[in-house]
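Two complexes follow with subunit A in common, the first pairing it with subunit B and the second with subunit C.
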Partner chain A sequence: MMTNPQQRITQGQFSFLPPLTDAQITAQIEFALRQGWAVSVEYTDDPHPRNTYWEMYGNPMFDLKDPAGILMEINACRRTFPQHYIRVMAFDSSRGWETPRMSYLVNRPDKEPGFRTVRMETEGRSIRYTTERLRSGD
Partner chain B sequence: MTKPVDSGVITDAKQRYAAGVLKYKQMGYWQPDYVPKDTDVIALFRITPQEGVDADEAAAAVAGESSTATWTVVWTDRLTDCELYRAKAYRVDQVPNTGAGTSTPAQYFAWIAYDLDLFEEGSIANLTASIIGNVFGFKAVKALRLEDMRIPVAYLKTFQGPATGIVVERERLDKFGRPLLGATTKPKLGLSGRNYGRVVYEALKGGLDFVKDDENINSQPFMGWRDRFLYCVEAVNKAAAATGEVKGHYLNVTSGTMEDMYERAEFARSLGSCIIMIDLVIGYTAIQSMAKWARKNDMILHLHRAGNSTYSRQKNHGMNFRVICKWMRMAGVDHIHAGTVVGKLEGDPLMIKGFYDTLRETHTDMSLEHGLFFDQDWASLRRVMPVASGGIHAGQMHQLIHYLGEDVVLQFGGGTIGHPQGIQAGATANRVALEAMIMARNEGRDYLNEGPQILQEAARWCSPLKAAIDTWGDISFNYESTDTADFVPTATASA
Partner chain C sequence: MDTTPPPPTIDLAAILRDTQVQEVLDGLDRELVGLAPVKRRIREIAAFLVVTRARQSLGIEAQAPSLHMSFTGNPGTGKTTVAMRMAEMLHRLGYVRKGHVVSVTRDDLVGQYIGHTAPKTKEVLKKAMGGVLFIDEAYYLYRPENERDYGQEAIEILLQVMENHRDDLVVILAGYRDRMATFFQSNPGMSSRIAHHIEFPDYTPDELLAITRSMVAHQNYHLDDEAMATMREYIAHRITQPHFANARSMRNALDRARLRQANRLFEAAMIGATTDAEALKTITAADIRASRVFTQGNATEDQ
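Presenting the complex of A and B:
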């Protein structure tokens, strides 16, 4: 069980807010499209903070400019992976950025087991830390 | 020795280099027809000349004393390509609202161009030894302020620039599309390492991204640096596991010698910290050394601008903070405190926009209302993340995002640790306010005007935010700024 006040993983732009409605997700997609960014959907069952590469639910949608169409992709991903973490990202290709500019969660599993800190004592008082994923049942 | 003291430049070489004293203008440091080269470094000074010294001569004197001149003519100039090495004052404008009819003695903006060969590559120390070296104590001027510099691309390319930069920092932290949130541990002095780490853990677990050592936390009798590092890293890792997010604490490695700083930085790295911190008072060379170390060790480098107000705050003498911003981007820091607009420390909104643009943009256009006197191409030097810290709280979130944008670290020290329901609640209040405001902004709402309402809506389901607004909602720091623009948007450069 997550022990933080939110009792959930707080990655992304909006994890401290109530779960986003489809209308709210659409408004954020529209924002990304107005900036000229490509929206992408990614999912994982391993939300470790250093797990950079979630699985892509298809390539970033460079050529899809219709927010409703993008929302359909997001919802198709949610139907396929209802117990996964799913995030929406927006990629900026402009010079000097060329990096994600948005990232927010749109789906979580019903139970979020979270992580524990594993400590390996080394020289002196130093400790080597590992953040280890917990699974439901741990 | 008689010389035509009041006439212009002396062109006859024999006469020019005869022993004796000449006016700086006559020695060639005033060249109103000079067209700066793309490779010239250009400095813009605000000069208050001594009584009886005309503005052109004062500008020429500044050019002379910051480049090749000494008080008297020396024949050894003739062994060199001295025309090239001489800095050239090429333009002087009276500063608006100074001089006759005002309460301020006449001031002048002077544009001075320096050839690239006057400067050693990759050395802020060398650049500054000329530009702000002897000249600020020079008797011919009553006061002198360095307002801005144009650094040519050719010179910028000799600097590493930010060790990490905004893009890579965000990728490492996995945090996009919103300001980062931080807090400085309080009280700043007196906590033991164990007690100190408690504050770090609570704030990170509650929702902050970073906690920060204060500028004067180094290694004092109440808390040695090794203890602080060990307990803070414990707090960071425990909070990362509790939230599933990357967290960090700026471990201040400032100390008395470079050897000590390297030792502390190495220890921070060995513990797995993602960020270290230094103070501006360690000096330009030490900053550049730490920036190189940070680049080599995948470390984010935070700079606290401790000391800057001793020379940047008064308008007639010293140097403008925007110049420090430029030098620090060249020197290679990743974070720098650059003002809040709405907090407790000095900061006019237009001036602060100029600082932020200087740190974050790949190119800035001349914009006198923001205090930017030159077009500046940053030659792909990475972007520096500005940090807003000092007397800010969640109730100002709409103003902070409006003025400072999303690529900034917002640091709420008192606003987190002083929260009536505790540190975690304080952190949560800040994060909820931030996310609600970013969401509203992206949705296209008029968040600046609707800000208080947006916060109230979120406070309905977030009691920590409600408590924060009830406690600090009306707190503001409305003092007049001392460092303001000389130009209003409608004025032109020569107005």
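Presenting the complex of A and C:
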């Protein structure tokens, strides 16, 4: 992983910045809605970089005009999972993209143990590396 | 503060001008026939909102006013149309951010099984945020004959959002007057959260004729003098019959008259008549006269 002075997990957009305020999140959602993207809220307790599919908090929200509704969902998700990672995704359904166009964290647990690299010696002299998640107690 | 500045003044006319609310109000006057009490109430609300805005800008008023409304009246009296105008007005005055109208009925809010209602209602509410949620025939939400009806759950969620997200959306409940009255009686919480009750009167025959005339003009048709007289007669008959839905009945009558006109022209063409632009535009008395409203005492033509 990259040098990370804050010792925090960096995934998606804005993750090297201080946590976004609600007003900033609203502005980002406003942007996504203006592009016509469907915004959804997801959470996980396993932020491993290879863990692509997080749990969905409700359905993706289509046909919304205003960020207030999404912020309501984000806050509901924060109340339900205060010690989980929560991210907001904006999905672009237009042809040729059909993929998330935005993704950023809006909630982190108080303690973020992070990851470490594990070396494993295998056949011959080769070494394999894997990223292992640290538990809070480690 | 020791040095008191001169008391700040505020130009209400400037607010009115900047927000271009007058345009909406004028449009309402110009394009909607009749409805005098409704227009008066909307003017009052507009004035109240402008004043509240001024008070807020001077720091006298802290709280956002409650703007939820109920529109009661018979079918076809322009409730939906007025709701659209209301949304535009609120948007221009800055009380809703986007100004769109989400129009729903019971089916869009209430689920079919346990646990289905809350997500459904919330989804609709999320869509309506930043605009106006127009609930047509709102009294259907409450079914007293079935105590396990999921409508009650939708009402509770609605109440909560109406209270907590007052500056995010405006809810307008619409329906027939007497049934809405029962609805409010059995849901006092709903009634007390609605600031403006607006009643839509029925149209008079003259107003209905004026509405028909503007609909005809709008669709690039034209009623000749005789047809106009027949239309007046038609309205007099139609009003007394069941299922009369004011302007909507007029639109339906007009649609059927267009159908008959098309049929008449087609049949004439089959026997060799030529058709010109004027004929394509004109609806004659015969097209209207053929309506069942004239032949049957109790015809229920548009159900």
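Some points to look at:
Methods note: the second predicted complex is superposed on the first by the 132 of 138 C-alpha atoms of A that agree within 3 Å, B and C clash if a C-alpha of one lies under 4 Å from a C-alpha of the other, contacts with A are read in each partner's own complex, and residues count from 1 in each chain.
By our rule, a residue touches a chain if its C-beta (ideal position, glycine included) is under 8 Å from a C-beta of that chain, and two chains touch if they have at least 3 such contacts.
Given the structure is predicted, the values throughout are model-derived calculations rather than measurements.
Once subunit A is used to superpose the two complexes, subunit B occupies space next to subunit C without a clash. One of subunit B and subunit C touches more residues of subunit A, and that partner is B.
Of the two partner chains, subunit C is the only one that A:Ala68 touches; subunit B does not reach it. Once the two complexes are laid over each other on the shared chain, residue contacts for A:Arg116 go to subunit B alone; subunit C is not touched. Across the overlaid complexes, the C-alpha centre of subunit A sees subunit B and subunit C at an angle of 100°, to the nearest 10. In the superposition on chain A, contact is made by A:Phe31 with subunit B only, not with subunit C. Of the two partner chains placed by superposition, only subunit B is touched by A:Gln11; subunit C is not.
With chain A fitted onto itself, subunit B and subunit C come no nearer than 16 Å, counting C-alpha atoms only.
On subunit A, the patch touched by subunit B and the patch touched by subunit C do not overlap at any residue.
Subunit C makes touch with subunit A in their complex at residues 97-98, 100, 119, 123, 125-127, 129-131, 165, 168-169. Chain contact summary for the complex, subunit A toward subunit C: residues 58-59, 61, 63-70, 72-73. Those residues of subunit A that touch subunit B in the shared complex are 2-6, 9-11, 13-18, 24, 27-28, 30-31, 47-50, 52, 89-90, 95-104, 114-117, 125-129, 131-132. For subunit B in complex with subunit A, the residues that touch the partner chain are 167, 170-171, 174-178, 205-207, 226, 230, 233-234, 237-238, 240-246, 270-272, 362, 380, 383, 424-425, 428, 431-432, 435-436, 438-439, 442-444, 458, 461.
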